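Structure in structure tokens, see below.
Note that the chains take the letters A, B, C and D in the order they are written out, and that residue 1 is the start of every chain.
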Amino acid sequence: MRSKVAGYRRLGVAVVGAGYWGPNLVRNFCANPQCELLWVCDLRPARAQEVIGHRSSVRVTDALDTVLRDEDVEVVAVATPTHTHFAIAKAALLAGKHVLIEKPLAGSVADAEALIELADRQRRVLMCDHTYCYTPAVRRICSLIADGSLGSLQYLDSVRINLGLIQKDVDVFWDLAPHDLSILDFVLPPECRPLAVAAHGADPIGVGRACVGYLTLPLTGGGIAHLHVNWLSPTKIRTTIIGGSRRMLVWDDLNPSQRLSLYDRGVELTEGLSPEMQRSVLVSYRSGDMIAPALPEQEALQGVVAELVAAIGEERRPLTDGQSGLRVLRILDAASRSLRADGAPIALGGAELAVPTMAAAG
Amino acid sequence: MRSKVAGYRRLGVAVVGAGYWGPNLVRNFCANPQCELLWVCDLRPARAQEVIGHRSSVRVTDALDTVLRDEDVEVVAVATPTHTHFAIAKAALLAGKHVLIEKPLAGSVADAEALIELADRQRRVLMCDHTYCYTPAVRRICSLIADGSLGSLQYLDSVRINLGLIQKDVDVFWDLAPHDLSILDFVLPPECRPLAVAAHGADPIGVGRACVGYLTLPLTGGGIAHLHVNWLSPTKIRTTIIGGSRRMLVWDDLNPSQRLSLYDRGVELTEGLSPEMQRSVLVSYRSGDMIAPALPEQEALQGVVAELVAAIGEERRPLTDGQSGLRVLRILDAASRSLRADGAPIALGGAELAVPTMAAAG
Amino acid sequence: MRSKVAGYRRLGVAVVGAGYWGPNLVRNFCANPQCELLWVCDLRPARAQEVIGHRSSVRVTDALDTVLRDEDVEVVAVATPTHTHFAIAKAALLAGKHVLIEKPLAGSVADAEALIELADRQRRVLMCDHTYCYTPAVRRICSLIADGSLGSLQYLDSVRINLGLIQKDVDVFWDLAPHDLSILDFVLPPECRPLAVAAHGADPIGVGRACVGYLTLPLTGGGIAHLHVNWLSPTKIRTTIIGGSRRMLVWDDLNPSQRLSLYDRGVELTEGLSPEMQRSVLVSYRSGDMIAPALPEQEALQGVVAELVAAIGEERRPLTDGQSGLRVLRILDAASRSLRADGAPIALGGAELAVPTMAAAG
Amino acid sequence: MRSKVAGYRRLGVAVVGAGYWGPNLVRNFCANPQCELLWVCDLRPARAQEVIGHRSSVRVTDALDTVLRDEDVEVVAVATPTHTHFAIAKAALLAGKHVLIEKPLAGSVADAEALIELADRQRRVLMCDHTYCYTPAVRRICSLIADGSLGSLQYLDSVRINLGLIQKDVDVFWDLAPHDLSILDFVLPPECRPLAVAAHGADPIGVGRACVGYLTLPLTGGGIAHLHVNWLSPTKIRTTIIGGSRRMLVWDDLNPSQRLSLYDRGVELTEGLSPEMQRSVLVSYRSGDMIAPALPEQEALQGVVAELVAAIGEERRPLTDGQSGLRVLRILDAASRSLRADGAPIALGGAELAVPTMAAAG
């Protein structure tokens, strides 16, 4: 029997997958007073036990069925390898559970579409754990774009590199780019969405898949987004630069004392007559102060769990719903096709332009 | 009459162009005891006078002919806008002068080829002022690659961004990439040369040419080089990361106390039998010390002038000769074609693979 | 009943104090397979319960007596306010428990001496939780000094500043300097120990005790140690510079990618005849490479717990024993006297020179 | 004969001393259109010639008398070793010249007082080259203090360390601290002036004078200033932190892209009744945004020369007059006495409290 706190029921939660990310889900579901963690499910029950500790009464199993048959479980959080997402999430939705799922949402666009449809039919919440979208920094970036502080977007340049673990089943695009693509999807306004993607990669160590990769995404409106992902970098860099017509910003996620730097800098154009050319563009430069806004220190996953709980309670879609996961997946899918075509740009469908603005999230 | 010092004649020098870069040439030719600056030539003689100062006896003129007719002038250093390089250098070579020329060597591949041929015929030195190649940092990088310290090259990632002056006649590729391409040309070993180039750019401010640009160059041997050049960045970054199979390095040109960081890090592969897959690749990681080598502090242009003087004296090609300028120009030319083709990769001819190795320069 | 693992008994542990530091002790005792956490004791049992979580079977109490009467408890870890250390540790020792105690060891030199004597009489381990001494960085510093890599020590300059919590009962010296003094005590070789201490402080906000403070400690051999501790700094800095005759190092504890930088720099003297003075000192400078050694990433408290377990098992004194805590306390006590005397230096007794060298710890 | 420009006479200038700093004076006097450099005087005429270059018509001499007899010389700028300042400046003043003099103003307080008196009698400008006071950063700091942006000053902590040249005739205090003391003198408001100074130093390499030094200066109003100067540091640091009741700032002179960081952070006190103590102080913390103000890039010595020209033209005292040099000297002198007294604090006379506020300089 689940306990009740202050008149409301706690949501019963099961975490499936006790690998790299699962322990973070366990910790954050335990910390949320509206949730009650009931199960940790992993093919290696000893690993699951280790994650919850030896003196805990949370139950452990290697049988997903057992979890899904437990009527007290209302939420299933899936942190297993990508190729298993579809089967587990489908089973959970069919069992009437709400589902939180690690990125990428599924292994294919078709699977992701099927999950979204199933969740709609079952009237259950399907949420993508786009964790970064719930960091104070990304929330602030989102509101700075939405309220016009940056002006119109010129470019986004993101670097996420490290001497990272070389994955056995996916290339560096599928491993690292989902972070940046989910952020892009979250912060880009409707008038400035990706039109196409070109992917360039290299496998200089002969591991059979790209270890160094670059994605270029022209945006509606003339801007451009660019991602550098790399498993072979000697230093860890996680920096995004966003150029806007009014202000520019740098997000350095590894600098806790100054994650965001907002520059009152830019270039302004006036058409006019210049001596050299009959009709020319006059350029002026603005180099003003920089502001590093104070940001609260809070763990992003707390925000993920809170949004999940709120979406369930309010019977609405979460901010990072299945559609956002699907849009990320479509870009990854197009990137793979571009890579096979030596970097030829692959157009993205119109669907991603029709999404409701994320601006309200900031 | 030129003076003689310790039994050798000083080389008589004329600097043509007293704009942004000319003053640096003036200062460095004045500082070299084997050179004697005789003329500064600029269409604006007042500007030329300002550059040499009011109490100097160096002569000033706006007439190139006057300079070229002066038999004491043996070297003409050209620091004028790119589209004038060909005519000035051609006239100087025809007048029997040695020529040092700013990058890019000329406005077109054909012009560059013509200058190289003319210099050969005239038996005069034609040198490109690829200044960065003469910095202590790039010389060290060159020798670290040449002596095998880095192992085989995996990737080079270069970022050169700033809130820079938007040029009237060239895009950001032609303005900034020559720096990085000349460095690439200098440090890459013969077995690891660019095969093609793909260019992606954006003009988000409507200035009529790319202000943000990315170049991707697959290399022979499976590696990749990538350049980010940007006139619209709020912060100034000049960083190059080079991944090698034995070591990796980061060159941060804006950090005078630690320009080079050499990491004993990497990934090693062994083919073998792993539990999960019958025949698999086993990956091991190495994360050792980092060394920041002590580098001498010296102005790169001093090295340029010294190499020019030595090449003239020894009647040999300088390290950064016309061919190196031509190779850079070919990549820029291909990049422009790729840009017009929406980023489709453009193959580079085989010529650039036949160059003599630059390894001896380190 | 305590469980047995692989033939050896687990040590039963009680943590007293569930405030700021207690939860870290709880987590690390839980993580050590040779320990079994039995009790968390705090005057606020609800806080203690929160620390261990709602599904744990670790017991909670506000009665120290209950804990001390439990024969399964062999170790008491004390993380309460300083003025309570003496009474709790004394009771625990009298009850036959081993004691781990937060720094500073006690509120007065006399109390510390009494605890040391009692522990000796009771044949129980009395260990100071000088956590920093168990970080990979400090262990490396210790061995670099012990093996002569730094040469003879010239100075140690430590800065530990932040917009920190202003303590109600102690000044900034007693709050922050114990960290640096415990590190000093740990790394300084016998021939280079503090001779005296001068303390300068300020209370510019009128809170009744020093919020900004400086300690100067002349060392035997002519060197000097200096500490800056500050509750009113806008930025967080935790940096120690150590000058040695052979090498110099910088420890930046807030830079996880480069905590230690070891410089092959220095000044060398030769006595000789110089033109200007009959008998003069000739100075030469060495500016070589910098090495940032790779350090393991591991939590220092794991090392504290491991050392405690080992000392108990081997019936020996731990590396950071009561004497080391006493030496730190003597300096703090002298600093308070210096502060009251407007910064006049207070000599330290000879006792601290007689300590066994810590060099073997590196 | 001096030339005239646009109706006003240029000031004839002689620079005495062509060592480390002299060339900077030469360059900046040449660049100022209201000055005309006539002489460079050095005991080594070849060195003087090298400084002005081989094609210049500026005259060179090793005879100070020759310079002082030249009626076209109105200004003598002295950049010689400190112990020669008095004799050269006295001769120049007696010859009716205005004098700009490197810091420290003279070798003793008495000599400085004599120079000030002589300049007054001769009605000539006596200016100290407190270069840092003319940097955009220090000017901004000055105005931020003067306009109340920082609130009341709590502390100033300055670090100026490097592997620096060990001077033959002065210790590290006299070599490096004049920079910081001149800045302190410039920015401190009248209600917050040094009351005393305590100096701690060490000579760990046996060179016969302090190579590592710390100065502590209690301020009227309860604040404190502290300086760390060091010739033996492996890294170069030039950072000043200033704590104020309203805002705090960090000046990092080695970070050209963010020299000043202004933090909206602080601690606020309210007296009240707290549960624990009958009458207690309640502390609240403010952690707001950080602003890095845009600063112009301009060479400080240009400002020195401009102020000198303006003071001569307007027949007024310059911002950094003889008195400011004297105040710096008094602190250095007291520091030397404190050093000899093992760090005992030496009171400063009341004179330095009576100085006209520098606030208007910001």
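Here is the rule we go by: a residue touches a chain if its C-beta (ideal position, glycine included) is under 8 Å from a C-beta of that chain, and two chains touch if they have at least 3 such contacts.
All values reported here derive from a predicted model rather than from experimental measurement.
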- Neighbouring chains shared between chain A and chain B, ordered by label: C, D
- Task: Please indicate which chain is farthest from chain B, where distance is taken between mean Cα coordinates of the chains.
- Result: C
- Note on the structure: For the copies chain A and chain D, the interface residues, called same if over half of the numbers are used by both and different if under half, are same
- Message: Distance between chain A and chain C based on Cα centroids, please, to the nearest Å.
- Response: 41
- Query: How big is the gap, in whole Å, between where the Cα atoms of chain A centre and where those of chain D centre?
  - Reply: 53
- Item | For chain B, residues contacting two or more additional chains | 235, 261, 287, 290
- Note on the structure: Counting only contacts in the complex, chain C reaches chain B at residues 258, 261, 264, 287-294
- Note which residues of chain D are touching chain C in the complex, please. 152-155, 157, 161, 163, 166, 168, 198, 200-208, 212, 214, 216, 218, 221-224, 226, 228, 230-235, 241, 243, 245, 248-250, 261, 263, 265-267, 269, 276-277, 280-281, 283, 285, 287, 290, 342-345
- Message: Which residues of chain D touch chain B once you look at their complex with the stated criterion?
- Response: 30, 53, 55-58, 235-236, 257
